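Listed after this line are the structures, all set down as structure tokens.
After this come two complexes, each holding chain A, first together with chain B and then together with chain C.
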Partner chain A sequence: MAVIAFSTLQSPARRVLSVKTFLPLLAPSIVLTLFFAVPMGMMIGISFQSLDGGAPTLASYSRFVKDGLVLAGLGRTVVMSGLVAVCVTVLAYPLAYYLARSTSRWRTVVLALAIAPELAGVVLRTYGWLIILDDRGFINSALMWVGVIFEPLPLSKNLFGVVVGLTHVILPFGVLSLLTSLQGISPNLERSAQILGASRLAVIRHIVLPLSVPGIISSLLVGFTMAASAYATPALLGGAGFKVMATMVYEQVLFYLDWPFAAVMANVLLILMVGVAFIGSRLESRLNQKLHL
Partner chain B sequence: MNRLPAILFKISLAAILAFITLPLLVVIAASVSPTPAVTFRPSDWTLGWYAALWDSRWLDPFLLSVKLAATVSVASGVLGALGAYSVAYAKCPGHTAIMSFLLSPMAVPQIVKGVAIVLFLSSAGFFNLLGTPGLVVAHIVLTLPFVVRMAATAMFNFDKRLDRAARILGARPAQRIRYVLLPLIRSGLFSGMTFAFILSFNNIPISVFLVKPGQTTLPITVINHLEYSLDPVLAAVNVASLLFILGAIILFEKIGGFSAQFHGGSK
Partner chain C sequence: MSTIDIELHSVSKKFGANRIVKNVNLAIPKGKFVSILGPSGCGKTTTLNMIAGFESPTSGEIRIRGTDQTGIPPEARKIGLVFQNYALFPHMTVAENVGFGLKMQGRSREEVAAGAKRALKSVRLEGFENRYPKELSGGQQQRVAVARAIAPSPSVLLLDEPLSNLDLKLREAMRVELKEIQQDLGMTFVYVTHDQEEAMAMSDRIIVMQGGAVAQEGAPADIYGRPRTSFVADFIGKSNILPISAVADAKTGNGSWRVLLGTAGMPIMAARMPGLVPDKARFCCIRPEAVRLADAAGALDEPANLLTGTIQKVVNLGAYLEAWLLVDGEITLKSMIRSSRLDKLAVGHRVELAIAHAAVQLLEE
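Coming up: the complex of A and B.
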């Protein structure tokens, strides 16, 4: 009897349940729609606005393509992000490999040192690099005091300073993406290669590196996308001498008040990132398929 | 013959770790250095720069950042838990698509989100929302996806048989959420909220568009000063705010016990 009552009740109860499951979604969806989806749509709309309030136009886009200063900024952004991606991956690899394989008690210390700076925030770390790399900073004043140089070396307000600072900021993310991939490689493969007489270098070269290519790609990807959208580090370590898209967008919005042009720049940055991320993830999944076949 | 690569590997590890820690050590050294030009004489040091922090120039932005981060962390915690409940626990129809929507802000770089929000507020006539209210909503958009993801992971892992057991024993839905679901997803939710707190407290690329005079967060105040000088008081501000973040993490850990999920994992 009870069983029958239960089963006849079930279908209307289910329907009520499925409406009920949507209710909690209401609040987060409203917030994200109102303050994320609508602003994003509006920004795209504004990029087609003409300054005199006429019909939608591609004027701001054609100005972007013809503006030498802005294009140079875009070029600097791409070069800087590429360099940062490579530096992050090269420095993160040994750390991640150690973290994936080590069983020593130092492992926790290394892990803490590798990840903890993330808590410190970008300003603190960029400030540290400013003290080190500035014209009157640590390196330059030490070298001048010793008498090796008489003019300060140009270590900040240029590509070098920004790449050093951003590599430092993004390194923990590179370590994390490589770590996941390296932990997935069975240590037995390395052990058997060594038993068969391969040197350590040969093991790294022929076994670990090829198997960790997906991790390398995701680290490059993280490095590139985070560097391309970074604001504070290029602003402080690059300054007026090294303007990138992020700092130029900021100027457009707050100093020049040219909203359509700012929106175009933001859209270009977005397309660059989404494009790179898309190509990268396609590459990654293709490689993953190949490796696991 | 196999020793050399191992030694080289250790040396390179040490060099990379030195690279990571160097700027932090330099800032700590600068914060106790007596002269404005940063010197590294260990003999004389001072805490004078820390004493100089007790000034509305630094206290006001600090308090604003703390209130902002706390508000954002709680709001994102509540909204994220609600979203994760529908998507990961109740598995509402279309939950994969809705999940992607809830996570979508993560795909957009922070600086672009910042531009979008400031253009939206300015051109839709919400100028008066610039400053603190704008910062709150923008930071919620920034942090909500992370909270949703962490809370959803916790709910995916939740053993539904426990919920069924509670139901069979006669618990009402509210009781099952209060006494069964919430305690078991607590650590996931709290790690999301802690992450939201840190993300909001340290944020620059979004805040930079939304601050206004008198309503400026601490990191923005610091970078505005840094563009002109390397004043050691800024080092003291940075070290103090790092200590604050560490303290906040310990506090969150005491309340929420989120590290339990790292110990209770697969190992």
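Coming up: the complex of A and C.
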């Protein structure tokens, strides 16, 4: 969620703020400091601890860069998050476009349906996908019963299952970030293009897509960071067959009791996400300027 | 080839239960500057949107160059459109904006560039090709919007209040320019506005709309000089609209009608209105400039009503004075009188007035 705040902070007009304006922010600032900054600082501290209680050490960091299994997990996290970001954005785009343009009364229904899954909780939805994608799940049983396949298809405990589950979980956030951007494009621009002879497809290609690039970037960002930090879905749909950073951190803490190493992994994950978010939002504001929006 | 570019036959448009456009019949002649004039919300944009193909009529038929447009999408109608807020593509340069229509026609890069250059030349905006819309003034954006619409050489250009975002000075200059562009290109312009001065200044024909229906249609002088309803008389220019109690069809030598004004029934002679049933007339309209001082300087060489009025108020408008005159104890007439006659117009004075018979117009409703 840090990303959303990140990109909305990019307001073009920078106003000079007085002390008075900051006063209402005092309480949230204290809460954030207590529950966000303090644990973060502790995490950084823990990552330098040595397991036998000795002097601060870089041991966990050097172990991280040498540990092939962990690095593979990092790679899987990046690939998975990238795929989820793309899938979310591709699926969310037509939905957001419909929501931005439609004046029909179904609009509210579609919007509700798009957002409603968020209310059901991640674990519940992920179990839903497990029921569908599992080796003995709906798809595999149905196909085997019909006789199309004899061995279950590998639909879960792998990249595919996790990407499907996460895409579903994160889709509403993609829709919301694209919706803001698409709603900012005046329908008269599309009408202008149309009356100048552009087909529906040409309007999308020459007008809507280029003007919504900032929205696309913000949807990709939300998709990437939310996927990279997700735990429940990779844990349930990936399991032991598909470990990502989040599930590996959990393992280190609960099974191996190696808190310093877990802290190192968490910090690396955090740096990855902040880095991607930073580059992405810089790109977004550069584009916004270039598009003269 | 027909000389009518656009025809509307009994076109109506409903949004839900609201009838926004009511049974509109129009014929827009080729090469003419035609204005659709009416107050805000009377259905002008909706009518234009139906011609452009963004909305389809609930009933009725629209023909462009003789062809029924039912089911033909906007991109296939080959007409130009200029929006009130210009709707320039913010991510394209001026040249790309103006060349867009030609590019969509699949023209070569050179043809697109040449066409854009030509269109920019006709709106007098050369040398701005590489600017982005945000880097232009309102007036320049307006020109780009017009250039973009005319670049693919459509036979008809629709303009929806294109000048209303400009300040008064620029608006007046652009009126002249738009008219010149239209005449240079010989293109049919359908110009939507709620500004009656604008419509009067530019149009060959004016279509006055009221509540989704056509109230009156005709040449500007026609509409101004012979309004048919009190709505048109009131909307176009300034006017005195006075209730009449009866029309006595007393034919005098010149064929005027005798009308009784107000409740007191002051008799006055009015112009004969062909096609108007005298009994249906409820009001009459007298333009302020037709109310003159009846002395040597204001003498009329046509049959005129002679009245006496008391000056109640005088407003100096520079070249003209607006005088409010109380006639017959109950009727207030506004009059426009040249400022040189200020000495005649002291408040409280009684003055003799002359109003030509032909200047008293009976109104249907």
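Going forward, the second predicted complex is superposed on the first by the 257 of 293 C-alpha atoms of A that agree within 3 Å, B and C clash if a C-alpha of one lies under 4 Å from a C-alpha of the other, contacts with A are read in each partner's own complex, and residues count from 1 in each chain.
What we mean here is this: a contact is a pair of C-beta atoms (placed from the backbone, for glycine too) under 8 Å apart; a residue touches a chain by one contact, two chains touch by 3 or more.
Everything numeric here is computed off the predicted structure, so don't read it as measured data.
When the shared chain is aligned, no partner comes close enough to touch A:159: not chain B, not chain C.
Put simply, more of the residues of chain A are touched by B, taking chain B and chain C as the two choices.
Using the contact criterion defined above for the overlaid structures, shared-chain residue A:86 touches neither chain B nor chain C, since it reaches no partner. In the superposition on chain A, A:139 makes contact with neither chain B nor chain C. Contacts of A:283 after superposition on the shared chain: neither chain B nor chain C is touched.
Within the superposed three-chain model, A:211 lies in touch with chain C and out of touch with chain B [touch as defined at top]. Contacts of A:111 after superposition: neither chain B nor chain C is touched. Of the two partner chains, chain B and chain C are each touched by A:199.
In the superposed model, A:78 lies in contact with neither chain B nor chain C. Touching of chain A by both chain B and chain C, each in its own complex, is seen for residues 199.
Residues of chain C that touch chain A in their complex: 52-54, 73-75, 77-81, 83, 85, 87-91, 100-101, 104-105, 132-135, 148-149, 152. Chain contact summary for the complex, chain B toward chain A: residues 1-2, 5-6, 9, 12-13, 16-17, 19-27, 30, 37-38, 40, 78-80, 82-83, 85-87, 90-93, 98, 101-102, 104-105, 107-113, 115-120, 122-124, 137-138, 140-141, 144, 148, 198, 201-202, 204-205, 208-209, 219, 222-223, 226-227, 230, 234-235, 238-239, 241-242, 245-246, 249. Those residues of chain A whose C-beta lies close enough to touch chain C in the complex are 186, 188-189, 191-199, 202, 206-207, 210-211, 290-293. By the touch criterion stated above, chain A contacts chain B in their complex at residues 17-18, 20-29, 31-32, 35-36, 38-40, 42-43, 46, 91, 94-95, 98, 110, 113-114, 117, 119-132, 134, 136-138, 168, 171, 199-201, 225, 228-232, 235-236, 239, 246, 249-250, 253-254, 259, 262-263, 266, 269-270, 273-274, 277.
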